[in-house]
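Each of the two complexes below includes chain A, the first together with chain B, the second together with chain C.
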Partner chain A sequence: MSKHACELNFLSRSDGSALYSIGNTVALASVNGPGEVKKFNRLYNRAYLEVSYSPSTGQSMIGERALESVITRTVEQVILVHLHPRTAVNVTIQEMQSDGLELSTSVNAACLSLLDAGVQMKSTFAAVTCCLTPSSTILIEPTAAEMKESVAVATFVLDGQALNVLSAHQEGCLNAENFNACLKACQTAAKDVFNFYRQALEKKYHTCNEIS
Partner chain B sequence: MRGRVNLKCRYHKAQSPLQQQQRRQPNTDRARRLHPASITCVSNFSGRDWDDNARYSVRSEGWRGRVPLSVPDARLAPECLAPCHDHSVRGLWRMMLLVALLSPALSGGLKILQVVLPGDEVLQFSPNGNNERIILGPGLRWHENNICATRSGLLKKASKNFYYVDSHQKRYIPHEKEFVIGIILRKKGDNYLIDIGGNEPGTISCLAFENSSKKSRKEMKPGDLIFGQLLVANRDMEPELVCIDVFNKTVSMESLPDDGIMFTVPLHVARMIVNPENIYLMSIAKKINYTVIVGFNGRVWLKTEKQRDMVAIMNCIMMLEFMSLEEAEKNVFRLLDSFLVPVQH
Partner chain C sequence: KTSIVSAIRAGQRYDNREFLEVRDISLNFGKDYGSCTVTLGQTRVLAQVTGEVVEPRPSRPNEGKISISVHLSPMAAPHFESGRSNDLVDELQQILERNIKESRCLDLESLCVLAEESVWQLRVDVTVLNHAGNLGDACNLASVAALRHFHRPDVTVEEDGRVTIHTLEEREPIPTFMKKVPVCLTYAFFVVDDKCYMLMDPSEKEERRTGPQPNVSHSQHDSA
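Presenting the complex of A and B:
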């Protein structure tokens, strides 16, 4: 499994931000909210969630919009939107470096930045990518080269409490047995990601520990 | 005159001493009698946590009284000092002593339990007829007989059944009875629109100042700073401020004079410096005389005689964002000295 690293509160002007990397893929996420919302997007009973994703090179096109919609639908399940009616939560994700793991790095960076901003959530969430090689081995968090050689790539976003699947994104040909095997492998790997979140936040709160 | 009478009724309803007494704060009247304008209720910074599919609601109470989170028993918390210090810090010492005398004996004190993430289960609690009560502060919600955290932060326990999560946040979410510093955006009919840092601007009536009536109003221009208390602030309504308290007297200050500076700090820093047990502001006062007003929306207004001192104190307060209190106390004098070194020409 590749190395995870993160830095919280990276940007001084956002409500919460996180610079997060898995291996060689790096993403920067920033959260602003719950704040002002345009009249067009205002919802009377809940917060409006907007995710915007920018790739490191080139213009953002359909592929990036697809990524944004996956991230939006995942995050909406987790934030307690009914606590903040008529507001907007804006999550902006900038891809700094890409080595194939854009979806999982972006999702994890978004989670850490939401934790940093203090937006109220039901639970944390983590994305894990795995791929199935032609020799039927499951590799967790593969590099771009390994993904090219693989038969199928699957990303699961799992919830922090019961490791339920919040969203799943899969490309390639997987039969049911292999799909379940990938899911189990990702659930095991997700526990490490959640421990990593916990360590990052403990570090944040212990450096500025108040006496009171 | 009619406008004046309505005003009294309206504001009395929200904050009548009788209502507050019913909320079991036996020390309230005594505190108010001794320092009528200077000890006022500081904060109630928890919202209600609703389950989004709820047919019922579980109300998590905030606590009135000291925001500084060292209240041993929320129900008996005395009204706290107003976050306004004056040049001679003697007034503040008097208030602190008074508050120390009024507070009941510490029973257990404040305990920091652990760092929690959203979704972490804190306790199991199912309401049965045992008359057991658990008071949930900000950051916790009750869902399917579990009490879980909704924010990341330090889980703290203030008395035997009072839990909350103390998180480091920058974004302000308005709550009733909090004191905030607002910036006037524009005049809208009989009200002013004020930016308090939340998702929408709040309003303040032109009559909500001391000594103002329909004939003689307080005129303010856009960009002025105002220090007031939130009368109405919940997730469904536009926030409303007032600058007077129950007795129609001004609550320490209304519009702040022009020659100070205002800066923003994260919310936990603002709460930390207002804590009467925290001597940080007092140790700065040993070197420089200054006036400071702290709003719970993270805005701090500062005034001293010299500009250099203002910048020095501003940096001292902003340091608290990144350092723990002990470290900051050690460094504060070094920082102040470096600013106060006279400029060589």
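Presenting the complex of A and C:
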């Protein structure tokens, strides 16, 4: 598994932010909300969730919109949206450096920035990417070069309580047996990711305690 | 607002800096060439430089091209919206174009591969991540640092005119050469009790109190 690193509260003007990196892929997520919502988006019984993803170069195109919709649908399941009707929660993700793991880095950054902002959620969530090489080995968190050589790439977003699948994104050809093997491998790896989240937040609250 | 003014009257700034003191600056470079994140106090700006080989402008067949674009990310400040252009973006874009393009600090002729056919086009994407004042200086710093960090892939031109672009592993990439380095300094002017005070590197609260401020761009050989 690649090395995870994170810095919380990176941006002073956002309610919560996290600079997250998996290996050489780095993403910065920022959360603002629950707050004002445009009349157009106002929902009478829940908060409106908006996710926007910007690549490091060039214009935002279809690929980015697809990523946004995957992240929105995942995060919507977890945030307690019914607690804040007629408000909006904005999650903005900026790709800082890319080595193939954009989806999982962005999702993990989003989770930590929501925790940093204090938005109420049912559980934490973590994304783990794995790929199946032609020799049928499963590699967790591969580099872009390893992904290019692989037969299939799968990303699972798992919840923190029971490691259930919140969303799955898969490209390539996987038979049922390999799919389940990938899922099991990702679930095992996810436990390490949740431990990492815990450490990151303990560090944040530890320094807060020291100041007070 | 009034507390900022009363602090100035007393000869201080609300964040305990001297009038002409700049906040701490740190530069972080990414793994890829041409990526730089600048932290100026709490203001954070990311600049990413990429290059591709394109056809040159017909009026300038042996000069490369450089394009700069500024994005204000919605994370920079709660009232920013992605996609909509606004005055601040135009202002920042103008500052960067003046400093980098019009000052001719980059030797565009060195970006030529084959006259009239292929030249390098460098694209600088500047994204404002956190707005805590003085975006002009931060964007300038980020773009210049990213340009100096950027290395372009080596190319060979065959006899029949074909251009081969080598990967970074095959051949050492070439650094960008800057003839002069543009430095941007922003000041805020406060008129208090008929006296004019000049503050350097205004923070966001100070910027909101004063109107548009002038900035001076200077390079080693001449001023612009």
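Quick note on the criterion: the second predicted complex is superposed on the first by the 209 of 212 C-alpha atoms of A that agree within 3 Å, B and C clash if a C-alpha of one lies under 4 Å from a C-alpha of the other, contacts with A are read in each partner's own complex, and residues count from 1 in each chain.
Here, a residue touches a chain if its C-beta (ideal position, glycine included) is under 8 Å from a C-beta of that chain, and two chains touch if they have at least 3 such contacts.
All values reported here derive from a predicted model rather than from experimental measurement.
Asks: Quick check on the chain A-based superposition: chain B and chain C, clash or fit?
Replies: fit
Asks: Based on the superposed arrangement, let me know which partner A:R198 touches: chain B (first), chain C (second), both, or neither?
Replies: Only chain B; A:R198 stays clear of chain C.
Asks: Using the touch definition from the top, say if A:S106 reaches chain B (first), chain C (second), both or neither.
Replies: neither
Asks: Contacts for A:V37 in the overlay, against chain B (first) and chain C (second): which applies, first, second, both or neither?
Replies: first
Asks: Contact-wise, after the overlay, does A:N24 reach chain B, chain C, both or neither (first, second, both, neither)?
Replies: It touches chain C, and chain B stays clear.
Asks: Just to be sure I read the superposition right, which of the two partners does A:S56 touch: chain B = first, chain C = second, or both, or neither?
Replies: A:S56: touches chain C, not chain B.
Asks: I want to verify the contact counts: of chain B and chain C, which reaches more residues of chain A?
Replies: B
Asks: Quick check for you: in the superposed arrangement, does A:L83 touch first (chain B), second (chain C), both or neither?
Replies: first
Asks: State whether A:L115 touches chain B only (first), chain C only (second), both chains, or neither.
Replies: Touch partner of A:L115: chain B, not chain C.
Asks: Nearest CA pair across chain B and chain C in the overlay: distance in Å?
Replies: For chain B and chain C in the superposition, the minimum C-alpha gap reads 5 Å.
Asks: Where on chain A do the contacts with chain B and the contacts with chain C coincide?
Replies: Shared contact residues on chain A (touching chain B in one complex, chain C in the other): 32, 35.
Asks: Once bound in the complex, which stretches of chain A touch chain C?
Replies: 10-14, 17, 24, 26, 28, 30, 32, 35, 52, 54, 56-58, 60, 90, 92, 94, 96-97, 99
Asks: Where on chain B is chain A touching in the complex?
Replies: Against chain A, chain B makes touches at 47, 49-50, 52, 68-70, 110, 112, 115, 117-119, 121, 139, 141, 148, 150-154, 166-171, 173, 199-200, 235-236, 268, 272, 275, 277-278, 320-326.
Asks: Under the touch definition given earlier, write down the residues of chain C that touch chain A in their complex.
Replies: Counting only chain C, the residues touching chain A are 30-32, 35, 37, 42, 44, 46, 48, 50, 71, 73-78, 82, 123, 125, 127, 129-132.
Asks: Mind pulling up the chain A residues that touch chain B in the complex?
Replies: For chain A paired with chain B, touching residues are 15-16, 32-37, 80-88, 115-124, 159-161, 194, 197-198, 201-202, 204-212.
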